[in-house]
Each structure stands twice: as C-alpha cells, then as structure tokens.
Amino acid sequence: MTTATANKVKAPKKGFKLDRQMIPTLAAVVIFILMMAMGQAMFGTYLRLGFISDLFIDHAYLIILAVAMTLPILTGGIDLSVGAIVAITAVVGMKLINAGMPAIVAMIVMLLLGAVFGLLAGALIEEFNMQPFIATLSTMFLARGIASMISTDSLTFPEGNNFDFIAEKIKLIDQPKAAHDLSINLGVIIALVVVVFGYILLHHTRTGRTIYAIGGSRSSAELMGLPVKRTQYVIYLTSATLAALASIVYMANIGSAKNTVGVGWELDAIASVVIGGTIITGGFGYVLGSVLGALVRSVLDPLATSFGVPAEWTTIVIGLMILIFVVLQRAVMAVGDKK
Amino acid sequence: ACGSSNSGSSDSGKKVVGFVAVGPEDGFRTANEKDIQQAFADAGFDLKYSPTQQGDQSKQIQAFNKFVNDEVDAIILSSTEDSGWDESLKKAAEAEIPVFTVDRNIDVKDSAAAKAVVSHIGPSNEWAGEQAAEFVNKNFPDGANGFILEGPAGLSVVKDRGSGWDAKVASNIKVLDSQSANWSTDEAKTVTAGLLDKFKSENPQFIFAQNDEMGLGAAQAVDAAGLKGKVKIITIDGTKNALQALVDGDLSYVIEYNPIFGKETAQAVKDYLDGKKIEKNIEIDSKTFDATSAKEALDNGTRAY
Amino acid sequence: MTEKTPIVVMKGITIEFPGVKALDGVDLTLYPGEVHALMGENGAGKSTMIKALTGVYKINSGSIVVDGKPQQFNGTLDAQNAGIATVYQEVNLCTNLSVGENVMLGHEKRGPFGIDWKKTHEAAKIYLAQMGLEHIDPHTPLSSISIAMQQLVAIARAMVINAKVLILDEPTSSLDANEVQDLFKIMRKVRDSGVAILFVSHFLDQIYEITDRLTILRNGKFIKEVMTKDTPRDELIGMMIGKSAAELSQIGAKKARREIAPGEKPIVNVKGLGKRGTINPVDVDIYAGEVVGFAGLLGSGRTELGRLLYGADKPDSGTYELNGKKVNISDPHTALKNKIAYSTENRRDEGIIGDLSVRQNILIALQATRGMFKPIPKKEADAIVDKYMKEMNVRPADPDRPIKNLSGGNQQKVLIGRWLATHPELLILDEPTRGIDIGAKAEIQQVVLDLAAKGMGVVFISSELEEVVRLSDDIEVLKDRHKIAEIENDDTVSQATIVETIANTNVNTGKEA
Amino acid sequence: MAEKAKAQGNTLVKKLLGSNLTWSIVAFILLVIVCTIFQHDFLALSWNTTTGGLAGPLITMLQESARYLMIATGMTLVISTAGIDLSVGSVMAVSGAAAMQTLSNGVNVWVAILIALALGIVIGCINGALVSLLGLQPFITTLIMMLAGRGFAKVITSGENADASAVAGIEPLKWFANGYILGIPANFVIAVVIVALVGLLCRKTAMGMMIEAVGINQEASRMTGIKPKQILFLVYAISGFLAAIAGLFATASVMRVDVSKTGQDLEMYAILAVVIGGTSLLGGKFSLLGSSIGAVIIAMIRKTIITLGVSAEATPAFFAIVVIVICVMQAPKIHNLSADMKRKRALKAQAKAVAA
C-alpha cells in the first residue's frame, strides 16, 4: 500500500533558496542602493558621512515607527494612531519635565501613556468588534485632541535637564568639516535595538508566528487554537508603546514638543512598511524590509529637492516615485511567479 | 568614502542658498515663496528649494541638515515651528553656514546655536492681531459682540495673532466664541453659519478671521444669513481677493501681512556674504486697508498676490 | 466496556442560530480508548456539536463535562488546553506559512533564543511522516500543496497536541483509499494509547471499519447511541435518514457504456493541452451524453486538467476545439459563455461566496454570463432558484439564508445547482460528492446520469474510484501530472483495473512498466 | 394566534436591535437632543427671504452633508470590494481647483463643471487601472493618489487658491451648492437623488451583487464568470466621479478652492460614515442607506461641535469620543448583553445541577 503512496507526488522543486516572499524586500535593498548611487553621481553629496549620519539620526523615529507599524499590518490591521501618540506623549512628557520630574521617570510615564492608548485600541478592536482602521482612527483623534487640550504651545526643555543624553552625538569619525563626520546618537542605537526586538519578536517567538497566522487567516488561527485575542492586544500595545519610544527619541533630538508634531507620520510609516515589501492585507513581510522602506522613504525628499522639483510638483513626484517603486516590486513578483 | 569635497558653490560659480520652506499652502505662502525664489534668482543665487508637507517640522529639520551636509553658502529658514532648531543650528554654526530666518522668528536657547542665525526678516504677526483689535475698538466704542475664527490649534501664527488681539482689545468687546476653521474658506463658512445660528440673539457685530481665506468664507455665511454689512469682518493677509471683497463691502477691514520681502532677504544674504554688517532684525512693513485704500491698491495694479 | 469512566459528557446540548435550532437537546458521551462516530445526514448538526464542545459556538443550554469537570470553553485554545485536539471540517490552516509551521504553530520548539527553527522543522518532519507525508519538505509553502494534502497536514497538526480527546470532522472526505488506511493506522495507535477519538464520516465502510460506538443525529435531534458492532447497516441508515434504507434510491449497478457512433463529433476536443509545472500536454475528447471520469491518485493532476478545460488557469500549449470550432477559453467567463461549467473541489475558497444568500449563489453564474446590466427578471429568477433548490434537495429550503451558514454538504448541492442553472453542454465536476451524505450522494450520482442521458457532456473527477468506475463511459487515468491511459469503461473494467494501470505504468515512457 | 404575533413582534424587535441602521438613527437623534438642550431653537426652521429657502441649524447641517453623501457613496462601493479609496479628499481638491481655475480663466460654467467631473473620473480610472490591471494594493495606490492629487490641484492653480466668486455667469454652479429646491438645500436634494440613482443601479441590475461577490471572495467570483477586474475598475471610477461632485459642492459654496484644505481629511470622514453605516472594511455586503445615514451623522457631529461651542483644541477628542460611543453602541456584544447574561446564568445553574 505504502509503496504507491510514496510515489504520489514529486516533492516540490528543491533548492528554491530564494523565498518568493523576500523578493519585494530585496527589491527595496536594490532600489535604495540605486537611489543613493544616483544621488552621489549627480549631486556628489549623498555618500557623505554627514548625510548618512543624519539619515539615521533624523529618521530614527521613522525607523521605530516603521517597525511598530509592521506588526498590525502583518495581521491585516493598521495603526493610524502612531503619529498622534507621538504628539500626546511628547506634550505630556515635556510638561512633566518642566514640572521638575526627572527625565527617566518622564520617559517611563510616556511609555506607559503610549501603552494605555494601545490598550484602548486593542480593547475597541477585540471587545467591541471595531475594525482596526476605525479603532485606531478614533484613538488617533482622541490622542491628538487630548494633546491639544493639554497645551498648544511649543514646549521646550527647562535649563539643565538630563533628557538630551539620547540626542548626544557620538562621533565615530571626526573630520575637520562637520559634513564629513560619521556620528550616531543613542536614538539611533535605540532604533536599531527596536529593529532587533521586532525581528526576534516576529521570527523567534510564538506570539510573532501567531501574528503571521492571523494575517494568513484570522478564523483559521482561532480554530487552530492560537491565542488570537491576546496577540491582538500585544500588537496594538507594542505599536503604541513603540510610538511613545519614537516620541522620546524625536523629542530628545529636537529639544521641543508640541501638539502638532507627528501629523501624517502614520502615512510615512505605512509607506515605509509597504515599500519594504509587507503586504497591506497581511500575512507576508519582514521587519527589515520596513527599515529599508523607511530609509527609501527618507531619501525621496532630499532627492526631490536636489532635482529642483517645483513646489507644486513635489507631492506628485514623491507619489510617483512610490508608485514606480510599488509597480517595480509588483513586476518583480510577477516574474518570480512565472518562474 | 566621504564624497567629493566640492564646496557648496555650484559649477557656474553661483553661490548656493538652501531654502527650507513651508510649501504652497495658501495665497500668502505661495506669494511669499515665489517672491523669494524669484528674488534670489534675480540676485544671481542658486536657490535650492525644499518644501515640507502638512507643516511637518521633522521634514524641515531633515532638509536643513541636508543643506548643512551639502555645505551650501547660506540657509533661509521659513520654519513651521518656533522651537526645536537648536541641534540643527549648532551644526550649521559648526559648518559656518549663516542662517536667515524669514516670516516666523524662532526661539533658540543654546548660545552656540544662536550664533548661526544671522538675521530675521519678516512682518509681525502680533502687530497684525493688534491692528484687528484696534479697528474693533475704534468702530465699537460702546462695546460689541463677535467671534474669532482661528487657524488650526497650536500654530504659533495663530497664537501670535491671538495674543496681539488680546493685548489691545477693549474690555467692552465680547468674544462670544472662537472656533478653528483650519485656515479654510469653506470650513469658515460652515462654522460661521453655525455660530450665527447659535448666537442670533446676542446680535454679533464683528468677526475677526485670522486669515483672508476664512474671512471670505465668513462673509458668505454672513451674506446668506442676510446680515451683510451688519457684521463687520476683519481679516489678516491682504490677498487680492480679500481686497476685492473689501471693495465690494463683503469685508470691512484687511490687515496686510506682507509676504513680499524676497528682495530684502536676497539683499541681506548678499550683504552678509560680501562681509557687510547687517541688522539682526529686518522688520517688513505691512499696511492696513479699508475699502478706499483697497480700491486704490487694486487700481494701480501693483499687488503681486 | 461501558464501565469505563467517560472523558467527555455532553448533555442536552441546544444551540440556536437566528432562525434555526441547529441542535436540540443532544447528548454525547466519549470514552477513552474508543473511536466514536457522529452519524447523520448533511446538516444534521455533527459539526455544530463539535464546535459546541470546543467552544467555537456558545451553547444555549445543556452541560459539558470534560474529565469530571463542568466546562465551558471559550474557543479552540481553551479546549486545547483541556486536552481536546480538533481538526475541523473545513481545512483551517494558514496558507501564507510553510507546511512545517502550520503543523507546529503554537507548539514550536524553543531554545535559549526563542524558537529553535531547526528543531521545530525536524519535529514537523516527524509528524508529517506519520501522515505519510515524509516526502514533503516542511519549508514548502502550504499554498503550493493540494487541498487533500492540506487536510493531512491539519491532521498531523492535531497529533502535536498531546490530547486526551481527538476530534476529526470528516478527515477522509478528500483522501484516497491508501491515505485512509494510513490514517486509520494512526487512529488505532492513538486510540490504543487511551485517547478518545470523535470521528465523522459519510463513508459507512469506514465507519464499520474503525469505530466502536455511534451517536446518531437527525435534524439537530439526538436519535440514539449504539455500539457499532451491534448495528446492521440498514438499521443505521434508517436511523440517520428517518426512512427505511430500501427507500433510498441506490444506483447499484454499473452503467452501460455509451457507445460513440462512428463519425460522431465530440463537443470538446483538446490536443496537447498542458501547463508547465502543473500538467503535461493531454489529449481529451468529450462527446455529448458521455460521462468521462478522471482517475488518479492525489496530486496526479486531475484538478489541474479540469481547471485548464475551464480556463481557470491559462494553458501554455495545446489547441481547444468546441463543437468543431477552435476556441480560446481564456477565462471562466469565456468558458461559461461557451457553455462549459466547472464545479471546484475547493468549496470554501473557490466555490461559495459566503455572505451572499443561497439564492444569489445559485443565480450568480447565470447572471455573470448575461452581464451585469441584464438582470434576470424576478419571476424567472424565483423559478430557477425554486427549481434547483428542489432538484438538489437543499436543506434548509430557505433561499435567503447566507450560504456560509449551510452545512458543508448542502453548500455543495447549492453549487451544483448554480452550474446547472447555466445549462452547460459540458459540466466538469471536481469531487462533487466530497463530504456528501449517503442519501445526497446517491442523488448527485443520479443527477450526473440524468444529465448525461439528456445529452450533456460530463467530466467526473473523484477520489473514489468506485463511483468513477460506476458512472463513467470513459476513464482518463492520470499519474504524476501525465495522462497515462484512456480506458473504455466496459464490463471488463473494475476498480482493480485502474489501480493496476496506475501502479504499472511508467510515466516517462507511457508504457507498462 | 396572538402568541405567534407576539413572537413575530419579538423577532422584529430583535432584528431592529441587531441592525446597525437602528443604532445609527438612535445616535443621530441623541446628537439632535444634545444640541437642542444646548440651543433651544436648534430644531427651529425659518424662511430666509434672501436665499429663498429654509434656514436654521438643521438646514446648514444638511447643506454640509451633501459632500459627505457623495464621497461616502463612492467609498461604500469601493470598500464593498474589500478596497479603500484614500484619494477622495484630494480628488475633491482637484475637481474644485479645475472648476475654479477654468472659471476664472473665463471658461463657460457648464464646460468648467464638465472638466471638473471628467478629471474626477480620470483619477478614479487611474486608481481603478492600477488596482485592477496591475493588481496593486488599493490602500497604497490611493494613498499615492492622495499625495499626488493634492499636488495636481496645486499645479492647476499654480499654488494659489483660485477664486471665481467675482466671475460672471457662475450662477448655475453657485446654485448647486447654495440654492434651494422647494426650500430644501439644492445640493442635499441633488446628493440624495444621486445616491438613489446609484442605489437603483446597484440593486436593480446585478452590479451590487457582483460588487459584493468580488469583495467577499474574489477568486470564487472569478470562477463564477464574473470579471473582477472590470468591477474593481468600475467602483474606483464611480468613486472618483462622486468625489468630483463633492469637490464641486465644497468649492462652489464659496466659489473658491483652497488647494491645501479643500477635502482635507474627508476620506477619513467618508470611511467613518461607511463603517457607521454597517459596511465592513473587509468587504462584502454594503448598505448605501446606512452609509448615507452615516454621512449625515458626520455632518451632525460637526454641527454638534459648533453648537456646543467645543473649543478648537478639544474638537478632535470630542469627535473621537462620539465615534467610539456610536461604534460601541453598534457592537453585538452590547446588544446581546442581557441575553448573554441570562444564558450564562441558566448554564451555571445547569452546571451546578450536573456537578451535584
């Protein structure tokens, strides 16, 4: 009997080393390199150490947000509230510091506050059947509203605060001209830690695998006996807390906070995640892709400036660049499909 | 791998100036930034223009830092926020790149950072708010009720125009309600219609709209409610459309917030780079308009925006 | 045996859905070391009973005692923690993940740095091997294996949990005889280790082979609990359908082969139709009034061939003639326009449109051929829906219910009604009797014969050789994605003939080995 | 007999309680009540002789709701196919900009309207083509279009806020936004008629069913002979067209386009309206009536904010709370609360009995 069974199917082709799911992410790597090379070739400043340093320092917050956004998107959900959570935690944190609270305590309060909003979103989604889009849209309005109710002023650190140790630049390569220094700061290191955290969470914990499973099919995940509800809470809690962390990094960097900070950042984060090859309907994608997506998104603006795009055309050109990017990925995938 | 070390000056030998801008948001902004771009081109600079989106400061900071890394000869900064620039300015100071702030002044705490800012060029928002208050004081010596239409909560322009108003407004002038209409004509119309409904019994007599766009919307709501002429509308900015509306009697008073100072800015940059001493604060004069002066201004056809 | 203490006792279980009482006071008792079958027609409430036990549905009244403790699970996870492993009727796996991960999800082996993938995949390999899937690399994406193999993967997954109760809802519906035997071997082993197994199947042979005890349901009501060995078939069938077994119209004998008249033109004539990687070029003729069976083992390419004939996939070689005219069947729409219909084996993903009503599900294909702006007049639509609901004996007979709330068997009947409503000349049925109760199966088989008698060409794909042999005029035998033989199904042909053909033919030469 | 009637009545009540529509209407009425408490003449209507129509808070609310009705209708169809159209706000800006710019350049008013509508359709078709032909994800496609669309609007007016209020011959367009039909705002009447037409188109032909089918299960739909690509293309085109009408409503009411503000954030309002109306963002069954009520509720929330004098700072929070309350009200968990408690108590009693 079993002899017949053994020959039933030829095992699918082996040596299929390059996982098809990784193609879009790889495309992001290639395009990022091409963009930097093009910038360097045409304007000569894109490989300057100063630019590269600033790319990371100025976008540490975006990298953190991209990692945060990857989690809900992998399940087919979304978190629109990250930008607003940056705002409310920044405003609250700054108020606390100005009231004389030590920086570390303020940071913890900020993280907790972010977590509260994540918990609220999770509860709305899981307990009241709200769709993530609507639930996080609501918490976005709520966070932004409360932030502006607390203060609409541009708040700055008081004299002698100890918050900006996060922004303290560490010069790795010090050259006479600032534009050629290679430097990082604690914010960048935090962002990198977050990336590693995201990677481990998604690929080396059961919670992470459950996230992918939910993205594949929520009802299947439930019937497979996976802790779907708990995982959903974890996702929105994590993304909101990471948003608070992004807020800390950004606030330390610029030394001020305001209720209007972070408007539209959720869209940048989503764009980064998508450019990085994660599928918005869930199930496929990588955290590293999102990081690359964030970097690609970050060089779009300077490229537009370098090319001297007229004011009215900038959003069109940036939109087109993202479009070309997505289409290219799609084409690469289609070719991969055929093979 | 630290790039070619060409200086900021472009091949043609022109001086390169980075312009960290807001982007075409409304009539004022468009006029202002076009004027600056034109003026610098005329003065023989190579101006790199970098707008932000949705007034996002983070994009401005990134653009600023990019200009520093590009080693441009000067940076013009039209900031969306008045703080948060210390780190970037420090870097500019280290790279010895002069920064000129335009339109909105910024708060700098760090002394090293403050060194980077050479001069501020622009009109005053507080002054504009004060003018609005004084117009109302003058027109309603016996007191009056009215509304304020604000820009989006939290912008420093909104606050400055508001504090100017607060500083000068008489105690018998009562503001029934102030609401945000997001700088938008269309929202202002809706909001005003609602306010007029709500406060019908209080007999509102003035509306202070913090910009022209909102004032024009308010005027339409007032018109629709059959109150044209009975409610005085004061706006800030002084675009052509507003002046026209002033002539037509839809608006009562327009305070200019003069966006045309590209020439002054270009001159300041040029002077500085030529080693001349320049003033720390170059205030741009603005005018106020009533129906007659508006007609004059429109008729002589010199208004650029 | 009865003196054993039961591990699960369900008493008086009632579950109401809006408008239906799916279960009405049903009892079920499971004993360790026994295989227990839930028996009943499509829609009797078997799956619902299982979902009640595992907490997927909340019960309206009744009690559940597991291992001596009153329990009310809050979903599969809870039930699993209490030692109940379940494979539900519709395959519930994640197609975006690999086979190995699907097996191990939630039970991945952990090392010092979180999940240890190497160990996890090794473990997965062992569980897969148990199910006879040792040839499948755990890294293979689940989406690239057929539905039948997915079902085996789902069962492998249930083995991972060290369960006291193992529930298998129609696990054999898409398996062939070999796999069923493999599965039974495992079930016996598991049973002997003291696990209680709850099993659902519509195949009476399997029931008598593997089970010890039966609980019979009818229309959501508890009928009786009996020992298998004490219950003759006729009596069992009688209890299940509520009438005597004799009344059941069985088509016992093999149908007489329809001879093709010399010079007769086929409806469909394809030459060299193939698609790289899925099926090698094949020639097929199908005549009016003829039933052509596709036989083969799992993954032999029957489904793929059916899909190519329907234009669901694009072939990369071959010619396609319809009634003597060359056609380009590029998509299902064109196929339907050309009066070709295809009923899928993958009911959930490619068949039903879950939230639409039964009525809409019946009408939709006909509507699609007419185009969206030519709606079917209401009267005509009512008549069509009424006709096929009756003809296919869909229960409940309420066309306005969402199709997803029907039991699996009834969904299948609605789908066949859908294709009949388009009046096809060629009807391709891929596993049409999968998961169908004995009564309905006979009905569907009769429908196939009637259709052929009326002049329709039918392609009949089934994993049950028995019905292929009984219904077909010609049998195309496939192996490893090649057509290896075309058998004229006359009196000399039996199931054994086909099995031998498959076993003895070498795919590459096409010759008997 | 009587019992049967009662039972029927009971199921009717249950059905009503389970329906999203009921809860939307309840929410609307609650908002009106709150407003009336704060402003006693909130419901009062008067005749305004200057405009020749009714006047009063409710009327201005209806006037504003017209544009939401338009974009919510298009959004409903798109969402039903399991897509999303984030570009509607920008399309409003583009069509408004086109109309105002051409008008101030002296183009005939009808031609201007046609150009505006055509541009809306074109953008919708581009979205449709990208989603259906190239198979791009709707979210990201329309997000790109949202960015680019705003740019187009700025390009059309060269970054200015084109004003056509002083142009001659614009009365017809002005009337669309500000006029009255039998005392009721013309734009509201037009919007309702358009929604009704779309509703008829969907339900009297098979279009509605096919849209839903594609949203529920695209592959199964393809297997039934539906052409999902065609359907996808169609819904985005319709959404673009309706957004263009909304853009005309928004700009014609003041005869001025605000390239960076017109339609800003309205895609979010439209999505909210659709969800409040009971259509799932996962696609599938849709209810145009529900979305329409959702659209009016959005206008009503904004009216409430003005009536209560909620300060600018607190507006977003207030909005969020109202939305959360409405959505929670609609949650099945809340409706079934009492039944669920009863069931649980009964089960507990039974479990005890068993244990004993």
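Labels for the chains are A, B, C and D, by order of writing; each one numbers its residues from 1.
The rule is short, and it goes like this: contacts are C-beta pairs under 8 Å (C-beta built on N, C-alpha and C of every residue); 3 or more make two chains touch, one makes a residue touch a chain.
Computed from a predicted structure; not experimentally measured.
> Among the chains here, which has the CA centroid at the largest distance from chain D's centroid?
C
> A-D versus C-D: which has more C-beta pairs touching?
Top pair by contacting C-beta pairs is A-D.
> Chain B to chain C: how many Å between their CA centres?
Centres of chain B and chain C (C-alpha means) sit 70 Å apart.
> From the C-alpha centre of chain C to that of chain D, how far is it in Å?
43
> Let me have the rounded angstrom distance from the C-alpha centre of chain A over to the C-alpha centre of chain B, please.
Here the centre of chain B sits 33 Å away from the centre of chain A.
> Which residue numbers or ranges of chain A touch two or more of the other chains?
148, 152, 259, 311-312, 314-315
> Two or more other chains in contact with one residue: find those residues in chain B.
24, 30, 152-154
> Which positions in chain D touch two or more other chains at once?
154, 158-159, 312-313, 315
> Show which residues of chain A lie in contact with chain B when the two form their complex.
Residues 40, 43-51, 54, 58-59, 61, 148, 152-156, 159, 167, 175, 177-180, 250, 253-256, 258-261, 263-265, 298, 301-302, 304-306, 308, 310-312, 314-315 of chain A touch chain B in their complex.
> Could you please specify the touching residues of chain D with respect to chain A in the complex?
Touching chain A from chain D are residues 130, 134-137, 139-141, 143-145, 147-148, 150-152, 154-155, 158-159, 268, 271-272, 275, 280-282, 312-321, 323-324, 327-328, 331-334.
> If you look only at chain A, which of its residues touch chain D in the complex?
124, 127-131, 133-135, 137-142, 144-146, 148-149, 152, 259, 267, 270-271, 274, 279-281, 311-320, 322-323, 326-327, 330
> Show me the residue ranges of chain B that touch chain D in the complex, using the header's touch definition.
Within the complex, chain B touches chain D at residues 24-27, 30, 34, 150, 152-154, 177-180, 182-187, 189-191, 193-195, 197-198, 213, 216-217, 220, 223-226, 241, 244-245, 248.
> Of all residues in chain C, which touch chain A in the complex?
Going through chain C, the ones touching chain A are 56, 75-77, 79-80, 86, 88, 92-97, 101, 105-106, 108, 113-115, 132, 135-137, 140-141, 144-145, 149, 157, 161, 178-179, 181-182, 297-299, 480, 502-503.
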